[in-house]
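Report on the structure given below.
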């Protein structure tokens, strides 16, 4: 077990380094440079621009910038924003909790809603509940998030006045964004749970249990659901990426703080150190969550435990 | 045998019974009905994309500046927008680019990801570990950030949006294809084929590939929907296109500022997206059931 | 990115007297008093009622400031925030006259090369540092220092060379060349006086810890969420253009950053914030009709939103081709359709509130498709089978570049022009890009590009219309004419205001006659606020002044 985890951690480090290099190269290839957003090209002289470029180090060739960046990164230095000289690490640490809260709340919501609807849908297969649950699930993944977000905002905060329209302080501001984002995750999980439950139902051990006279309800909840949870947990691991992606849009719609907005702005402004910092950070989170997911398998599924 | 018959008899008595054991006829009716409806929706949208001029009452670019922001009426079933364009005609014509983004990004993403996954799974070894690390790497970068960077780098054009969305989808296809190839490769009939001297490529081409395609097919169907959504997300973030005839995502994103004063401007393109993605998903689900041998047995 | 930067440019010349005021004429002493549209105008109430002390104003901004360091910022939105933190030496009133602020009086040498300022002696920075001649010298020398990475402030300060501290409260500023722009430039927000001790303490993080002498002091900035300022209780040196020269009434001023339009307007309507800026035209009517809210609009001064026609490109180097655009585009219809009567159509290269504005240009160009067609026929462009004109096998196309996001519906203008010009046989290829800097300023890859500029003096025209020196990029239309150059040069140093205004009128006339540009609209800075918010006024370029604001119980 420990050896597996160490192996995973090592290969994860490789992956994180890889994604960092990849992003570096993509950003390097972006046309224009951060100087454009620092200085007005209409009134600046070419010398001014050249000086500024040199000060920022963006006139260096790719390999030199790359070497410089990773040299610093290994010493724990994430660098400074090119735009306002702000150190990157504190910036990420400042913004990360808000995104984490959003992701956690929407993941929780997706699991609760997803599993509930998925189970109902599987049990009442082809009855009205099933149809409704499936349509709700599909709607979640069929609507552009910015649209569903604005619709929720118009109804619940402007029309009804129940919840704040924006901000990232307090649980109330979390409800609408988490609901918007949770709708997507929920949609995926409903389908996953429904399909895997129906599959499990036909497997041999369930048939055996059934022949032993176990009640259907018990079979469903104690065995089928337990087995259907495995793919749902995997789904959560995969949804981490979705959540972060969704955060880019949702944080803008609801004016929340968070690394989604930071990184979107940084990409547009070609603020390389910030983009890098966020990518490395989110890669770490992604890898960690998936590691946790793998470990948690062994608790849900005895077969995996034995194999490990 | 007798035991299971008793068990079945016991089950009949419970008022609470397992749906899977109920009459299979009813089950099929409903999903077939769903699938038929979905196919009809898709067919209509495809028709719109091919011959919009037969369906749209107005040229989509005509600006009737005297009648801007008119609510839906007989003359304008979906109302008019802030330029005085007929929203229904815009939605009909907008299907072209929307479908193009959805289909092409799936084709590109599926082709690249699928090939990568198939080779990686079939050849294995060092190629596999390198390819999979690459895929892992891509997976840690959230798709939309990758798409954002690519779209920002290459500027807005239909092709670039397709490439951006496709790039973000590659790792998913690669993983699924790799898993499938590996599982097919281990089956007895492949071993059998190998033992009678079929070449490595021959086995791949004639046996492994055709049998691995169905999950990829299902995934691509579902991918059409998510590609259209991703495209509209780019438009929301300001990296969309500004064409004479906008796609649905752009229409929705541009009209969202008018939601409180003229709800129809963005609601109908939004509904069009939702309806198409919904339909494509239903067909995808149905296709999965249809192609899955386990389900067929059941 | 650049669009936003261009808003708060600089490089303008001093000029007083000769006032033209339309949207922004003085009310109770405040320059550019807002025209309130609510049932009970706030300006009148401000005069009639006793202001209430205390309370907190929440104000939703459409974008986030980049930094609050005046020397380094290039964004209008940053100015709206740090306008309340920093004071300037002088201020411009609604009549374009320069009035004292931190400087009590000043004199200019005969050669126009030295400016001597007497400073107030009772002023302290918010961190306790005394305000004196050293602080002024420090502020300006810091902008010249390349390590500051100064942006727009550097061009605002031109042609400043050095300064000499005569005594604690007297300073002599030395210029390298005479410029009538210099004094007015000192009113620009980017030249606000900074605390030397704070700059030394925070270094390049001064922009996140700004300290000035203004009516509000900086408390905190949560990026992408809010910026909090609090009352500076010692403040007692407001300029005469402010309705309240003493300490602010508000205890706290919180700027919320809310980029999404629906959310921003929604947060005012749901009373989560008391005021929100940049209200889209389609929401103005509903807010005006609601008695709980007021809508304040102030015209921003400078250069209106203008489409520049690139004369480096064929066939737009030919006058007739440009005139065809002038007659072929129905600007009136565009402004009416998109802005629903909330924006004024622009007619000249300057906005109406600017010194030297030529009002005779109003209504001087009317759309005329026949004339446009005739001009293109004369040039030999004949209509092809697809309705697009051709000449020597080449299609008549117009490459229209605009920035993203769709600020003030500028992308929509492109869409309308595309349809209008199609009618006279021109195919418009619209390109929306995030990277205007590269596209327009580096690669010169456009036939038409639109821009606007917040400015204080008509000398701003030089940057856009004077023959550009090699490597200088401001002249987007690439117009070059010796007569035009001469007028602009003369006007930059002309001491007689009447003559100076005349010269600028010649310039504007030339620009119209030669179809150099298509002026589109004058931008009204629009704020929606709860009716409880009183006394909100704007300075001469349209930045809000919060010192006189109070919240009615």
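Just so it is clear, A, B and C label the chains in written order, and each chain counts residues from 1 on its own.
As a working rule, a contact is a pair of C-beta atoms (placed from the backbone, for glycine too) under 8 Å apart; a residue touches a chain by one contact, two chains touch by 3 or more.
Worth saying up front: this structure is predicted, and the values here are computed from it rather than measured.
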Graph separation of subunit A and subunit B (steps between touching chains): 1
Between B-C and A-C, the pair with more C-beta contacts: A-C
Inter-centroid spacing, subunit B versus subunit A (mean Cα positions, whole Å): 20
Centroid distance [mean C-alpha coordinates] between subunit C and subunit A, Å: 40
Subunit B and subunit C, separation of their C-alpha mean positions in angstrom: 46
Subunit A, residues touching no fewer than two other chains: 31, 150, 154, 158, 252, 268
Sites on subunit C at which at least two other chains make contact: 262, 434-435
Per-residue multi-chain contacts in subunit B, two or more chains: 152, 155, 238, 256, 259-260
Contact set on subunit C toward subunit B in their complex: 261-262, 265, 280, 282-283, 286, 333, 336-338, 402, 404-406, 411-412, 414-416, 418-419, 430-435
Subunit B contact footprint on subunit A (complex, rising order): 11, 14-16, 18-19, 22-23, 26-27, 29-31, 122-126, 131, 135, 138-139, 141-147, 150-151, 154, 158, 191, 198-199, 201-202, 207, 210-211, 213, 215-217, 219-220, 241-242, 244-245, 248-249, 252, 263-264, 267-268, 275, 279, 282-283, 286-287
Contact footprint of subunit A on subunit B as seen in their complex: 3-4, 7, 10-11, 14, 16-20, 22, 26-27, 30-31, 133-134, 136-146, 148-150, 152-153, 155, 225-226, 229, 232-233, 236-238, 249, 252-253, 256, 259-260, 266, 270, 273-275, 277-278, 281-282, 285, 294-295, 298
Residues of subunit A that touch subunit C when the two form their complex: 31-32, 36-46, 48, 51-52, 55, 83-86, 91, 94-95, 150, 153-154, 157-158, 161, 164-169, 251-258, 261-262, 265, 268-269
Residue ranges of subunit B in contact with subunit C within the complex: 61-63, 65, 68-69, 82-84, 152, 155-156, 238-242, 244, 254, 256-262
